[in-house]
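See the structures that follow.
Two complexes are shown next, each including chain A; its partner changes from chain B in the first to chain C in the second.
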Partner chain A sequence: MLMNLISGDRPRSLVLTILLLGILAALALAPFLFPGVRSLETAARICIFIVLVASYDLLLGYSGIVSFAHTMFFGLGAYGVALASTHMGRGFDALIVGTLAGAFAAAILALLIGLFSLRVRAIFFAMITLAVASAVAVLVSQLSGFTGGEDGLNYSIPRELTPAFKLGKLFGVTINGKLLNYYLVFFASLALFLLMLRIVNSPFGRVLKAIRENDFRAEAIGYRVVLYRTLATCLSAAVAALAGSLFAIWLRYVGPATTLSFEIMLDILLMVVIGGMGTMYGAVIGTTIFVLAQNYLQNLMGVAAGATEGLPLIPQLLDPDRWLLWLGVLFILSVYFFPTGIVGRLRAEN
Partner chain B sequence: MTTAAPDHAPKYAQLSLPDRIGKAMPLLLVPVLVVLGFLSIGSTSSWLTLTVSGLAMGMMIFIMASGLTLVFGLMDVINFGHGAFISVGAYVGISALLALESWTGVPSLLLNVAAVLAAAIAAMCVTGALGWGFERVIVRPVYGAHLKQILVTVGGLIVIEQLIHVVWGPDEIFLTRPEMLKGAVTFAGAAIEKYRLLAVIFGLALFVAMRLVLKRTKIGLIVRAGVQNGEMVEALGYRLRLVFIGVFIAGSALAGLGGVMWGLYQEVITAGMGEEMMILVFIVVIIGGLGSVEGAFIGALLVGLLQNYVAFLEPKLALISNIALMTAVLMWRPQGMMPVVKAK
Partner chain C sequence: MTQMLLETDGLTVRFGGHVAVDAVSCGFRAGELTAIVGPNGAGKTTYFNLISGQITVSAGTVRLMGEDVTRDPVATRCHKGLGRAFQLTNLFPDLTVLENVRLVIQARRKMGFNLFSMAASHTKLSAAAMAVLERVRLQDLAEQKVSALSHGNQRKLEVAILIALEPAVYMFDEPTAGMSVDEAPVVLDLIAELKADTERTILLVEHKMDVIRSLADRIIVLHNGALAADGDPATVMASDVVQEAYMGRDLADV
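== the complex of A and B ==
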């Protein structure tokens, strides 16, 4: 039963198993273990980004394709929910329609981009996705009548998912709509993650790995490389859009900065690389560490910048706004020295 | 005894006319686009203004793109960090210009142009040196691995961009052009900005110079041969690695030059400008055909002209005009207009 759920893909390391179980338990019981608005926000963010990063890993780690448009697909899902909720009014039907429309649009767009770039050479894909994603980001911030522009969109979701909906208390924690919303996010993320695990451990996933290792040989064996790569792109885009929809349902707000910016793309890249490319569990570990660091380390940088005031250059380097600088350095170092990431390291110890 | 040689004279079949037209097609695209622009705009003076600014923009994009395409052709290295050189070049050049205020503030063409040249040389020296360091530290350890190359060079782009923030502060810098390069000249009823004219002339001169170097000198021959078949060139005893480093440095310096020119064109510079320009540069490199300098030149002119025409005719569409152009070209020629590097 359990092996069926995780598609026979065991963590293959004791430490990793303990870490994964710990993260699962912490996320499942987050509202009870860490009461407070901020920690719940962090937990929901971790859930959603695990799905997003796992879907990116399907491309980067399993298929060896670099895409810079993953935030675009994420944003499509988020804007799908936002637009449906704005135009159809408050209700679960709007959420479902928006989610499905976003995922469908993402898959179609991915198919188009894939058909144009992947049939020639995989490296085109990286450049073309970068161009398309930036054009979409600009378009979204320009078409303010439709998308709300830079300000984004605020909308209401069904009352059952908002803090105003109260059910009572359990273990001293108020059970309200926000909590239900969290569990919607949690279980949807868990289901999507298990689905991704199923995909990469299917024969389809194995062909993707073969293409990653040697596309020429895979073609020679008789697999249509372009078809497989394009399918992987579409699947990954659709799952990213679903993660975006969850994000929109959780935040009740979408805007270019929270869903489409290049910074988020960079975050995703870093989470995949830190966790370990080519393993779904890497997405879990990478995301958890990264989101926690992002939420709590930036404060620390501010403190350090304050403490070194008066010294030349160091305060500027430690300024919380320079967070990206250190991310970049960390990114380069991890690609050089830990190409297999944390999961790869842990598994290598066995 | 008769000789074994067959009794016929070898003949080289000439390409058929359609084939030759097909080969020259990309060259025809620019004039076709200019004529189409004229027909759809209607007014001669606006058309002239737009054409000159489109050409100026195209020249600047070409200057930035040429290094990237050669680096790719020569060593199969795709440098996503190329945009960082554009930003650094712009910041160094503009800082130099601001320091040379006594030259730029006076209405003397000689002093003004000298100041711009000095700024350009300063920018090229710094970005050239930076390119050398970038090649050693970032690119060299990941030869032959596209995936890692893309990841690592993106990391390099971010780090350099953030370092610009550390050195020059987080805000954008506004500047004014030197006295004699301000304003416009009127020609056939059309107001043409002086600076754009200068940019077109300068870009054209640079393109001609680059072509001469590539087609008439020995080093150019080695570079072109290296793009075609690197292993063969190495087998003949040339150290292609050294050539490659030279091309990388030259390409970085050109990106820096493009950055200065773009900064003067926009009259504002930001640390993110390189990243924004990279999108156009990638489009140009893709539609030109990876590794082809001529293709990049034509692609850059097409992008510049189309963007200006569309921005005039239908401002909302300007954002996606380049993507549409790229899509159209890739439908027509999946490898780009003039592919040099065979798909590896």
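== the complex of A and C ==
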């Protein structure tokens, strides 16, 4: 049963198993273990980004395809929910329609980009995705009447998913719509992650690995490489869009900076690389570390700067304003010491 | 007359001004092993690439069992019965030996677009792959990564992949190149075994004369991309054109 759920893909490392179970438990019980608005925001962001990063790993790690359009697909899902909620009014029907429309649009766009450019060299595909993603980002900020431009869109979601919907208290924690919303995000993310784990361990997933290893020979034994690459791109795009929809449902706001920006694209790349490409579990580890660092490194440094007050130079180096510097140092160190990612490193020790 | 499984008609490819394969018209019957010989650069491998589709033809046609496949992509030709092994080892280095062969059987059973089942649950595929590995005596190395195999074993795996395809047309490109003296017989015995199947045809690019003598029913000679001779081994080997084009004048003089 459990093996079936994780598609027979064992973590293959005791430390990794413990880490994954720890993250799963922490996310599952986040509202009770870490009460507070900010920690719940962080937990929801981790859930959603695990799905987003895992869907990127399906492309980069399993299929060997470099794409810079992943935030565009993420944004399509988010704007799908936002536009449906704006135009259809608040309601679950708007959420469902927006989510499906976003995922469908993402898959179609990925299909078009794929058919046009996956036949040729990998670098050409990467450049096309970059161009299309930039064009979409410009369009979204220019068509302000439709998309809200740079300001983005605020909209209402069903009351059952907002803090105004109160159900009472459990273990001293208020059970309200926000908590229900969190569990919607959590279980949807878990289901999507397990779905992707299944896809990479399916016969199709094996073909993707073969193509990554040697596309020439994969074609020679009877696999139409371009079709497999295109389908992988479409699947990855659709899942990214679904993650975007969850993000939109959670935030009740979309804007170019939170969904389409190139910084997010770079974050996704870093999370995949830090966690370990082509492992799926790497997405879980990479995302958790990265999002926690993004959210709490500044606080940690504030504490450290306070503790070292009086010493020369060190408090200045540890000033919370310099958190980006330290984040950068952390990345360089992690890529230097774990070139195969954290998961690759943990598995190599067995 | 037995059916032509594979025919090339005026098959030509030019790279810039250089004609690498020059209007080669040739048919291959079922139950026949044809050795393709010729000096280095004669266009043997290029001829193979045109037949299996890795290179687009400039002129001429390739017909497989009467059907024109000249414009078909490589994978489609593979499904229609053209199986190819490569001269330079061309495998999936980071996957296991078993997985390399399993992928072939999965392709033949058209299961590649199966997205939601576990690959590991299709035990029949693994069993079929294992049976092929036993034929090339690689069964004990099934769980090894290909990159860890010796050159000789990689060559055997290359042959195993071709066997797993069960094609109508087997195309071997120097299958024993670089293999040690005691490893080569495994591969050669296998090719002899395949020959017994009268439904299929075998094309063999080979340099070793003893191999050609023991296996070939027919020899064709390519020279500067053109068909220079075609016939039974004894006649072709004795002909002037082989002495000149293949052995080289010096050898012929000795």
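The rule is short, and it goes like this: the second predicted complex is superposed on the first by the 309 of 350 C-alpha atoms of A that agree within 3 Å, B and C clash if a C-alpha of one lies under 4 Å from a C-alpha of the other, contacts with A are read in each partner's own complex, and residues count from 1 in each chain.
By definition in this document, contacts are C-beta pairs under 8 Å (C-beta built on N, C-alpha and C of every residue); 3 or more make two chains touch, one makes a residue touch a chain.
Note that the structure is predicted; figures quoted are calculated from it, not measured.
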item: Which superposed partner A:116 touches (first chain B, second chain C, both, neither); value: first
item: Which superposed partner A:39 touches (first chain B, second chain C, both, neither); value: neither
item: First (chain B), second (chain C), both or neither touched by A:124; value: first
item: Which of chain B and chain C A:135 touches, first, second, both or neither; value: first
item: Touched partner set for A:317, first chain B, second chain C, both or neither; value: first
item: Partner chain in contact with A:222 - chain B first, chain C second, else both or neither; value: second
item: Touching partner for A:231 - first (chain B), second (chain C), both, neither; value: second
item: Chain B/chain C common contact set on chain A; value: none
item: Contact set on chain A toward chain C in their complex; value: 4, 7-8, 198-199, 201-207, 209-210, 213-214, 216-225, 228, 231, 235
item: List of chain A residues in touch with chain B within their complex; value: 60, 64, 66, 116-117, 119-124, 126-128, 130-132, 134-135, 138-139, 142-143, 262, 266, 269, 273, 313, 316-317, 321-322, 324-325, 327-329, 331-332, 335-336, 339
item: Residues of chain C that touch chain A when the two form their complex; value: 52, 54, 73-76, 78-79, 84, 86, 90-95, 99, 102-104, 106-108, 111-122, 161, 165
item: Chain B to chain A touching residues, read off their complex; value: 78, 80, 138, 141-142, 146-148, 150-152, 154-159, 161-163, 165-166, 170, 275-276, 278-279, 282-283, 285-286, 316, 319-320, 322-323, 326-327, 330-331, 334-335, 343-344
